[in-house]
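What follows are several structures.
In what follows, chain A forms one complex with chain B and a second complex with chain C.
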Partner chain A sequence: MGVTILHQFPMLENRTGPQTIEFLTKRIVALGAVQMGQFLVDCDSYISMPSLGPQRTVHVLHNSEQPASVFSILETNTKTIPLVADGLFDLLMLKMTPIYTKKVAKIESKGPRFELADFCIKLGSVTISQNFKGVLVEVEYRPCVVPSNCVGLMREFLQGFLGSCVQSLPACLQNKMDEVYQPMDTIQQYLDHFLNFRKMAGYSG
Partner chain B sequence: MENLYAALTSVKVLRCSVGQIFNSLANGIRADHGEEGRDTKFLSEIEELLNAVTHHLRDVEQAVNNLSQPPGPLTLGNTNFLSQECTQERQALYSQLVLSYKWTDKIHEYSNHAAALLSQNSLKRSYMNPGSAKRRRTQTSSHNVSPQAVDTVISAIDRQFNDMTMSISRPFATNAVLQVSLGRVLQAVIAFKGLMIEWVVVKGYGEAFDLWTDSRHKVFRKITENSHAAMLHFYSPTLPELAVRSFMTWFHSYITLFSEPCKKCGSHLHCALPPTWRDLRTLEPFHEECKL
Partner chain C sequence: MAGLPGYTVNIAVEAPVENQIQEISYDGQEFYQTPLTMSESLTKLAAKIDFSKTGCEDIKKDPETSENGEDETSKDAYQSAIWPWDSVRNKLRNAYTEICVLADVVSIAKEKRYMVFDPIPQEMHEQKSMAQVYARKKALAGAASVLLTAAERLRTCQTEAARNRAVPDFHIELLRLRQSWRLKKVSNTIIGDLSYRTAGSKYAQTGLFEVTKAEDEPETSGESSPDPGGIARPASALRVIIPSELQGVAYIGVIVQKDQEDLCSASITSLGERAVNHPDLHWRQKLESAQNVLFCKELFNQLAKEAVQLHAPIPHMVLGNQIMASMFPGVQLIIHLTHSTTGGNVEKRESGFKSEHDHVLEHSLHQLLREVHHRNTHHPFPHPSSAPLGPSKRRCLAGPTAADRYQLLEMTKSQTLLEQIIQQAQHFFLRIRTEYVLDTIIKEVKDPIIVSHWNALNSPCVSCVKINIMTHGYDTVCRTSLVIQVADKSLKCVCRDGRVMHMSYELQELRDLIFCQIYQHQITAVQQLARCMGWQYLSNSTHLGIGAVEPLGNASSCILASPMGDRLIAVRCEPQGAVQVSIAHSPKKDFFSGQLVKERKWENLGGAFKEVRWDKMEGKNFLNKMELLMASLTSS
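Let's look at the complex of A and B:
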């Protein structure tokens, strides 16, 4: 697992989602990347019953890069608790329906996955219940595990094919620059972007 | 052999003269036979030619008589089978022969170049080196070092660098295998023979320490290659300790592998790789393509 940066690619007025993906695919293939399959990251959110005290939200995410794991992030008013579990966690959530009533529509990002030398690039189109919302570009540099080491390198690579829209690093990476990067950090970045998309679409949660 | 050549030449001469007869017969009476008695002239010319043919035929018979029976059947190898296929087009021999000729030519040229280069650089590091007696003695000294001496040298180097941790294991009798972790950037396994560095494998942080498999990342495979070049560059039979120390100092400069841009082009990436080469003297980072 190498350092990963997730970046939202701004949509132009006259371009649809598939057109944007195709446009980025052309650029990345011109750099010499090879398509290696597809990827999918999805997120379900469950909200606790109001009668059980202060509201809590559980986000359950799956990443096709770690197919045997289920990631969950529990949000309370004061803190967020991340948890990595195996596939059985999904079944456990089904049993929890009396406490956590599912309320929010599923949001997912999926699309082609490319490899270029040691980089892994994923062009995901984000959909909330089949409605297209935007484009998320994920770039992973697999040899490097400490974000502070490869910030400059990643920025150069991102600017190389996304253009000058790449400015700063994701907020959730800023305070763990010197720690070893974990798959959970990728999930956290996806969740941050997903919540933004939901907010824009007017969903609560 | 002489006889055979003589026989072949006489056959050739005979064929020539027969060809001549048919030629003049086909032409018939020509202008240079003149007006008078041209028939007799023509006949006498034919007769002359026929005489030549009989003469040459006699030559051939004589030459054939001189030939001796070859001892035993001729062994022609695979070319025997050529007689099975009689149309030349279907054998496609010519193009293949040209191709193989070109290959041999190329191999010859390349091996010449390689031999010239290798004779200039003395990279031979094994006991097989047929050098002078003196040279051989100094070489033995870098191979036969007591394990304690190796340990002291390595622990001295270990103390020199804070962010590089080393551990020694001896899976192969007395020869040390050194595992190096360079910060959280990379790891390496270095196999020693006495105090001589024999093999280096560079891997990523978190990959398995083992001497036989390559890293799964392209960057580290490239650095493995470059480390081999450096290990040969720093090798010195007379000062083995210095060789190891300089190699380690050079290797330590990879701590900035991902963070320092190339000195020449000023950017981090070239062909999607960071600067994987470190200058042997100044330790400055360069891309593979920028170092020249």
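Let's look at the complex of A and C:
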């Protein structure tokens, strides 16, 4: 369990999604990384009934790195409430269908998972209901739990194989630099990117 | 109708062929009535009979008068043909007559003037009454005799019980048995259960035993046990029948063996030396020993199963009643089950093993199986009550605390009984060895005093020892302390400055470490002492690169200068314990101006170091000698 940075890799015009993943895989393997299985992060969003007052959205996320947990983020107008629960939460959501009607298509990021010394790299292709949307690169530096102590190192590492597109840190890490990193922070980063993808999909389609 | 053929005319008397027409429809079709069946015509005829006619004569006369008028000749034939019910009518008429008479009698009796009703006295049973009395008397006498004999038996029983109180009562004994053992009645026998099934055991063997009343026990035991003390002990009124596979004595011995030489052993015996399989053993001891046999069998069965399943680098061996597992190279753990039904054999073997009995391993073997039993019966409650039953509390919390998959994998690992007992035995072995090594070092090294404190509280697999190194008389000046954690396969040493050193089970490493600590202690102590004496230390090296190569570590040294700066002391400490001390004077005593160094001022550079003959120095120990040396050099 260490600090994780999630970064979106820009898509080039002449490359498809699998080609991009393959291109990045080659670069990482050249650095000496070894593939250790696959990973999957998915997100379901439930929107409350309009008749029950102001609209609320519950995002339910699963991360294969924490297989026993279900992460959920409740968004109201004023604040967001994160919650980590066990697998029974999914069953609970099924019971809540009268209140939260599922409206949004499932979005997920999955792909190969690599390990390189203390780093764990995941190359995920983001799909919304089987339609490819983009590439998210997750890098975890496992020996450290305080972001401020290792973001410099991690940015340098990311720039090493992603190139100059890596500039700024994730927004949600900016104000938590000196706190102990939690698995929920990873989920928050994923959710931010997923919402961006959804917005873009909404504009384009 | 038969008549004379001469002057009679034949008249055809027959019923019309056609049935009666019931209806004629508009198209001329006729609907006939269906002809009457025999029963229908009978009822039709019976309906014609008028039973209500009061006089019997009227009924008789009526047809007669009517018939008289019409046709006299056909009277006989008519009577016989039309009245087939004559007998019925006669009976009904008789009944009617009787009823009429009875009504008359009742109406007369009601007036109570001429007739009165009286009950008829019953004299039927009077003849049999005497016989009945005799029968009853006989039955009562029989019942009384049964009761009397029972009372007599009870009285004799009571008087006998009063006479010798020592003879126990069966029912009281049964009550006592019931208080500590599970019993149930199956038809006419009492069956008990001594297995650990209710405590959570899943061992297949049943521990059923039967309880009977010892009727002829006193006679047989009196004959068969003329041994000393046989009469003094009261025979029990209960007899317990135990299945043959649970009889006798069993125990599990644990031996740690190194190169065929026992280092320590433990054995489970609840009965100990008194474990003799006597027929008139008290039921309590009998049941306890049987239960012990069952427990030992279950434990051994479990261990043997695990020994076969475990994949150790050196595979565990199961040979008959013996399990061999290797703990360290050359060191084996032997667990054996001995079950014998004859007392003498056990005692002999036991005395062989009893050289170094250890209660700790015995206890932990017990404890391990009982923990398994406990876990089988006590499941943690599911936290939302709808959650599945079974996962441990840590597994339940894994979801909300977002445990990653490495942590989840760790949770699934569980140790088997054999692994745990091997681990404990390894720790036990390593602890004994560590104690031995420390004690020998303490005996060998006299100059700095080494004190070891073993923590009284420890876990079965980790214990802790604190080691203090100090010099007698100077313990406030300098003290080196370190802590050694003894785990199952390795040692971990934590020094005062925070250095952590990991060592394997080879205890030469510990020995080397302690010796390094000793000479480092000496050098630091000299420096501390110099500070107290007002001397200053000029240089200090813990890893001296010069001199002979040490077999272990490096020598360390320091150079001290007197307060005036005119005397120098150099100390060199070697890990093997040797100490060299040399001194030098700053204005050289033996300065002679030569061709190269002519001027007198060069004598202040200090001369060559001369070694002090340390064994000739006064003083109780190294620091004391150093103190005396410094004092003498300061004053002069």
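The working rule: the second predicted complex is superposed on the first by the 202 of 205 C-alpha atoms of A that agree within 3 Å, B and C clash if a C-alpha of one lies under 4 Å from a C-alpha of the other, contacts with A are read in each partner's own complex, and residues count from 1 in each chain.
In the analysis below, a contact is a pair of C-beta atoms (placed from the backbone, for glycine too) under 8 Å apart; a residue touches a chain by one contact, two chains touch by 3 or more.
Computed from a predicted model, the values in this text were never measured in an experiment.
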**Clash-or-fit label for the pair chain B, chain C on chain A** = clash
**Request:** Have a look at where A:182 lands relative to chain B and chain C in the superposition and call it first, second, both or neither.
**Result:** second
**Prompt:** Now for A:160: first (chain B), second (chain C), both, or neither, which partner does it touch?
**Reply:** first
**Message:** For A:88 in the superposed arrangement: first (chain B), second (chain C), both or neither?
**Reply:** second
**Prompt:** Is A:146 in contact with chain B, with chain C, with both, or with neither (first, second, both, neither)?
**Reply:** first
**Item:** Partner with the higher number of touched chain A residues, chain C or chain B
**Value:** B
**Prompt:** For A:32, is the partner it touches chain B (first), chain C (second), both, or none of the two (neither)?
**Reply:** first
**Request:** Once the two structures are superposed, pull the chain A residues common to the chain B and chain C interfaces.
**Result:** none
**Request:** Could you please specify the touching residues of chain C with respect to chain A in the complex?
**Result:** 384, 386-387, 395-396, 398-405, 408
**Asked** Which residues of chain B touch chain A in their complex?
**Response** 184-186, 204-206, 217-220, 257-259, 261, 267-269, 271-274
**Fill in**
Touching chain C in the complex, chain A uses residues 1, 64-71, 84-88, 182-184
**Fill in**
Per the touch rule, the chain A residues reaching chain B in their complex are 31-32, 116-119, 141-146, 148-153, 156-157, 160, 180
